[in-house]
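Pasting a structure below so you can have a look.
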Amino acid sequence: MTIAAVEAVDIGKAYGGVAALTKASFTAQAGEVHALVGENGAGKSTLIKIMGGRVRPDSGEIRIGGQAVSLNGPQAAHHLGAWTVFQELTLLPWMTVAENLLLQQEPRSSLGLISRQATLRDADALLARYGVMHIDPRALVEDISLAERQTVEIVRAVSHAPKILFLDEPTSSLVEREVEWLFGQIRRLREQGCSIVFTSHRWAEIRSIADRITIFRGGADVGTFTDIDEDEAVRLMTGRRVEALYPPLTPRPAAAPVMLEARSLSGPNLRQVSFALHQGEVLGVGGLAGHGHRELFRTVFGDAHASGGTLTVQGKEKKFRSPRAAIASGIALVPEDRKTEGLLLRMSVRDNASLAILKRLTRFGILKPQEERRAAQHVVDSLRVRTAGIGLAVGALSGGNQQKVLLGRWLETECQILLLYDVTRGVDVATKHEIYELVASLARSGHAILFYSSDAEELAHLCHRVLVMREGVVAAELHAPGITAEDIVSAAVRDHRAA
Amino acid sequence: MSAATTRKQPFLNRERRRILYAFLAGIILFIIGELVRPGFASPSGIRAILVVASFVGIVAAGQTFVILIGGIDLSVPWVLNAGAILMVTSSLGHDARAIPALALTLGMGAAVGALNGAGVALLGIPAVVMTLAMNGIMQGLTLGLSGGMTCTSCGAYAPPVVQAAVHHSFLGLPIVLWIWIAIIIVVSFLLAMTRFGRMTYTVGNNARASHLAGIHVSGVTIVLYALSGFFSALAGIMLVGFGGQAALGMGDPYLFQSIAAVVIGGVYILGGRGHYLGSVAGAISLTVLVSVLLAFNMPDYGRSIVYGVVILALLLLYGREEENG
Amino acid sequence: QSSGKTYKIALSNSYIGNKWRLEMENVFKAALAMDPFKTEVVGSIYNSGNDVSKQSQQMSNMIAERVDAIVIDAASPTALNGIIHQATSRGILVVSFDSGVTAPSAIKVNISQYDLGKGWAEWIVKQINGQGNVIMVTGVAGTEVDLDRNKGADSVWAQHPGIKVVNRFTGMWDSSTAERNTAAVLPSLPKIDAIWCQGGTDGVLKAFISANRPLPPTAGEAENGFRKMMLGIGGHTVTGYSAGSPPYLSLMALELARRILNGTYPKKNIDVPNVFLSNADLKLGVNVFADQPDSFFDDFTAGGPTSPVDICAQAAIDGSACTDQKLIINLPAA
Amino acid sequence: MPIPETILAASGPRRSRLSHALTQNIGLALVVALLVACIILYCGLYIATQHRLPGGYELTSTLNNTMPLAFAALAQTLVVLTRGIDLSVGGVIDLTNAVAALTLMGGPVSTTIWTIAILGIGALCGLLNGVLVAVGRLQPILVTLSTLSIFQGIAIKILPQPGGAMPPGFTGVLANPNVPLSLIYIPLIGILWAIFRRTRLGVSVFAIGNDAMAASSHGISVKRTTILAYMLGGVASACAGLFLAANATAGDATTGDTYTLTSIVAAVLGGVSLFGGRGSGLGALFGAFVTVMVVNILFFAHIDPLYQTFYEGLFLLAAVIAANVIGQIVRRRR
């Protein structure tokens, strides 16, 4: 065998008393796509942060090109040709896409000053070179969607012609077509001899692109495989078997009452959207990112104001002036970006889990600590949140576990209507399975669920109906049974294909 | 790792350690004072310094609330002055009128604070601008309405009960210190044990996420600023009790001192982290520091320099942020 | 004396957060409504706080308004020199008082701060026979007034080695600050035989009372609260010596400006004599007022037609014109 | 050039450049609008009361009086952009102003050398702040609160009494009272700011204010950038001290104090976010002009001096609310 492009040897890392990695190793060759898989909290991101020079390991060795290296910062890794897209993106929110793309390598004018025009031009060219036409380099990062941010971050890493590329859950918020795009990039890099190390919780993707897979469990690797089936991988990751990923779809009762009805809802990026969501129904929403899903969810939740149309909840017309009003009507939202819109990162798991039910946990405004602890522990136990305790800051949890806390927050409430925006983003297979079961059982027990996902497969399996949105309009409505991911994707892009 | 789920957080976490150190700093400064000037840390010396610290501490209670949500209250000086003047002019020095006068004054403070909060939360005015403008507005109103403190009742004394509350003792402690202790208990309880306190921290951590979780962000903000106004007015009342009469300019020193006490006590200036007990420790150690420096017979410039150097030294010992990354 | 012309005179004041400044403005306002100013002067008043660039900007606007004279109580003795020069070079008369300015082209009306500090100190030396512990409560550091008063005192202490200045700390010319600072240091101080205080005198004494300390002989400002204690009003009596910058300096400056403008007085500085009052000199309703706040400054008038200024108490209290008395301002003989 | 296998196609027309520029610089656009509104109001009032147009003098004095605040606001902006706050701005102004009073008295050569040395002192003050924040890992507000006290103390030590006299040439260049020479400093600041924005350092300052962690993973040194930002801020504060000295023609070790708060207000009015990462030095400059225009407007509105701060406060709020409303409308349109 040739010299490995990158090698991690027995890496260990502890935060406070919590061991994130105990003895983690893997080896990736040049021209190989190497997947790291494992449960939420298995330590994948920690390992990638260490390989990317952002975190110093407590023990173990990193070898690049056969040479042991000590990375004392991201720059050291860059010098060795190793570039990373971290799980929590590192774009600067109040700077433009162009500035972000060319940070630290801005084009200079003849006076030696950074040229804004050239920056824009170069950024435009860069995006075009990688086939990204839908992102305006002049836009501020805070104004673009998570998927677009992810794309920008990938373009930035790829543009350095890396010898080693680490991608930590690059597809978590990407939809089918964007994933395809990314895989195109990965294949090209592989052909050029680049070694790509990536993590994902979507087995289909792993199977389609990874050459080899290293499985992690509890902070250590349990083996590297070239050919392994999903069931076996899941068993190695979790120690248990996951029967079928998707639960069987229970047909919704024929005469189920309408819980939520939108008629001709309009607003920014929303045009005349109408739908009815019934009791016990999982109504999927799909389509390419940036086509109005975000706005639809925000409008229904009272976080954005419709310029036209009506919203009816359980037969009563409502005009929500704030999320509080929507919540009072029994609606709950798991938002897109858990870091900025969902969680209070510096506060504890307990504080985050109990946030929506504080009223129930207080008497005369005074908190009942016992009950609060019990409620938080219930969230942790029922969703199997991996945490060193309910007192730990939620920001210290792994991405998937953060998502579980957020979901758990709403399950403790008595909401009837759940707006789930990409809830399985960054969630591991076993947990995904749990969430699917949960969604199905919530539907069975009479909840109405509006379910957006960037994963068309998921929509196809889980939803009674799927609304495909394009440019703020409902472009197609697909009915189960018989929905396939391909149907959803082709409905979402039909126009562009035709054009 | 799942075995770790029951692991407890250490009792003395970073924040609590910091509060402890701030208190320790105060004690050390007392000792230094005693070494320089015997009698400095005598019971009467400590009592006198704590009384002075209590005024800062009371203003700092309000400042803690608003800083916890990343705000700031620069309207302290003239809300305090207005409170002092309103107290004497409405009570006219009669005990019988003390209760309504107290209610009126505290109500005025809370109302002005609520206006600050409304400006910040509903109109989106930056807290610095809103509260600074409010300081000017209150100054203009106070001077204008009292005709430049020339109204016939402006020279009235604080009601004897109010003066007694500052000067008289109960169980060996001046009553003002009992009041402060009560405030410490109530405020700490409010922040740690109530829904309102929890909402304060969540809003301070992430207003957007709190909003999406159904927290009435603007309501919480308004109440917090109202509390700040309330405590400024209360400090005004205490100060007229202390001095007997209202004077203009009484509130000036309390702006920077209250902010300094809060941040030295470990409350994070951008919000979300900290405890009132920290602000209390900050108020005490700052007051002891100033007093120690007064006890040294040194020129004012020297005091000014030493003051800055000592605070820096203390912070380098205990107030450093975590290395991020 | 009236020349039939009217002059535009503006008062540019800086800080407005204490009683002294308010009285100073009140008597100014009252005078504008009384003869001779009522007919001869169109006056206006501006405050800038301690912000020099604001005061400077307001003075620029006065220049733009083409006033005939500017009377100023400055936020800084030097920082307004530039704008003062601009005013005087445009033919505008500038008269400074209280917080004086160093600009040579400005006319100054002031008491001697040095003599004030010295006078207080000399009285103390006499009171305690040149022997004993003294505390000095100083003013706002970095100001000329503070420095001059301290220097005056220090010149006296230097000649009396028996006097020991056991502590010197600032009271910021503010009763409440003075009280707090005194309260904080008092427990650690030995027996105090005399107090030398630039301002906030009543606050210093209140701190002594709270700490159950006997009230030593006190030389201090002209606060009503201090003088009330000298008369024993309120249950505590102190042997005192009270003097200060009188708020009516603004009137002397106004009168000087008017006289210079109408050509009846030469362009020259005026030294206003210090008037020290001891316990025996005090008279209720004349130079002590039982119904005025402690922070009221009692030396707005020296009383009687021969004193520098004679104006009714009401003018100082609320800025209204006196009804039963004429305004008399006696500038020193030209 | 690689041919991508899959193209992520554009979904609609891109927004116009102008619309981008407007939404990205909304703070700057609003403060400019605010300033224009203030100027119009001022001119209206001026004409109504003075029956003529404001002219060269008004322009010159407004410019000269604003320059110190403009630099102080610039200093504040540099630090605030890094997610910090600089309460020591006033202290650095005190210190540099005091040093200027002591040293700027010789000929042009010595004056030039000392001017540069004073800028160096500002840089040193900033270095101290920056090192304590970046290396000492202390909260910026605490560091600068402490150094404010230290710098003030040193300033009073070296210039206990206001004084000194600036050479006429120095004043002639920095704060010429006769010609609106300061007019050149505005484009100069604009150009310097534009250059700063187009340097690595400038981008880094914004980047660490956006997200220090993210910036450091792109290889930006947070420590180095923080220290340099504070140093540049120190230099800008020193400029404020120099301009203040030039305008005053003399020094005073206490006049800088007010700039700590006013610099923050000017920066915030100029659209600088106190949470870092957003804002413009140019906006802060205009913010400084707005605060001075407010003084002018209220002057010519001839308001009861006791109520003056009341109207100032109201005006400030009205201005910010108006700006917010316009901002909302612009934002909604996009």
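As written, the chains take the letters A, B, C and D, and residue 1 is the first residue of each chain.
Everything that follows uses one rule, which is that a residue touches a chain if its C-beta (ideal position, glycine included) is under 8 Å from a C-beta of that chain, and two chains touch if they have at least 3 such contacts.
The structure presented is a predicted model; accordingly, all values stated were derived computationally and were not measured.
Enquirer: Counting one step per pair of touching chains, how few steps separate chain A from chain C?
Expert: 2
Enquirer: Across the interfaces B-D and A-B, which one involves more C-beta pairs in contact?
Expert: It is B-D, judged by the count of C-beta pairs in contact.
Enquirer: Averaging over Cα atoms per chain, report the distance between chain B and chain D in Å.
Expert: Their C-alpha centroids are separated by 30 Å.
Enquirer: From the mean C-alpha coordinate of chain A to that of chain B, what's the distance rounded to whole Å?
Expert: That gives a centre separation of 44 Å.
Enquirer: Where the centres are mean C-alpha positions, what is the separation of chain C from chain D, in Å?
Expert: The separation of the two C-alpha centroids amounts to 36 Å.
Enquirer: Just curious, how far off is chain D from chain A if you go by their C-alpha centres, in Å?
Expert: Taking the average C-alpha coordinate of chain A and of chain D, the gap between them is 41 Å.
Enquirer: Going by the contact rule already set, what residues in chain D reach two or more other chains?
Expert: 156, 160, 213, 216, 306, 308-309
Enquirer: I need the residues of chain B touching at least two other chains; which ones are they?
Expert: 139, 143, 147-148, 300-301, 304, 325
Enquirer: Give me the residue numbers in chain C that touch at least two other chains, ranges are fine.
Expert: Only 16, 25, 141-142 qualify.
Enquirer: What are all the chain pairs that meet the touch criterion?
Expert: Per the contact definition above, the touching pairs are A-B, A-D, B-C, B-D, C-D.
Enquirer: With touch defined as at the start, can you tell me which chain D residues reach chain B in the complex?
Expert: Checking each residue of chain D against chain B gives 83, 85, 132, 136-139, 141-143, 145-150, 152-154, 156-157, 160, 212-213, 216, 261, 264-265, 268-269, 274-275, 304, 306-314, 316-317, 320-321, 324.
Enquirer: Please output the residues of chain A touching chain B within their complex, sorted ascending.
Expert: 17-19, 41, 54-55, 218-219, 301, 303, 322-324, 327-328, 333, 335, 340-347, 351, 355-356, 358-359, 361-362, 365-367, 369, 380, 386-389, 391-392, 409
Enquirer: Could you list, by residue number, the parts of chain C that touch chain D in their complex?
Expert: So the residues of chain C in touch with chain D come to 13, 16, 25, 44-54, 56-58, 60-61, 63-65, 75-83, 85-86, 102, 140-144, 147.
Enquirer: Taking the complex as given, what residues does chain D use to touch chain C?
Expert: Residues in contact with chain C: 46, 49-50, 54, 57-58, 61-62, 64-66, 68-69, 101, 155-156, 160-164, 171, 175, 177, 244, 246-255, 257-258, 262, 292, 295-296, 299-300, 302, 305-306, 308-309.
Enquirer: Which stretch or stretches of chain A touch chain D in the complex?
Expert: It comes out as residues 52, 54, 73-75, 78, 84, 86, 89-96, 99, 103-104, 106, 109, 113-116, 129-136, 138-140, 151, 177-178, 180-181, 184-185, 187-188, 288, 290-291, 471, 496, 499.
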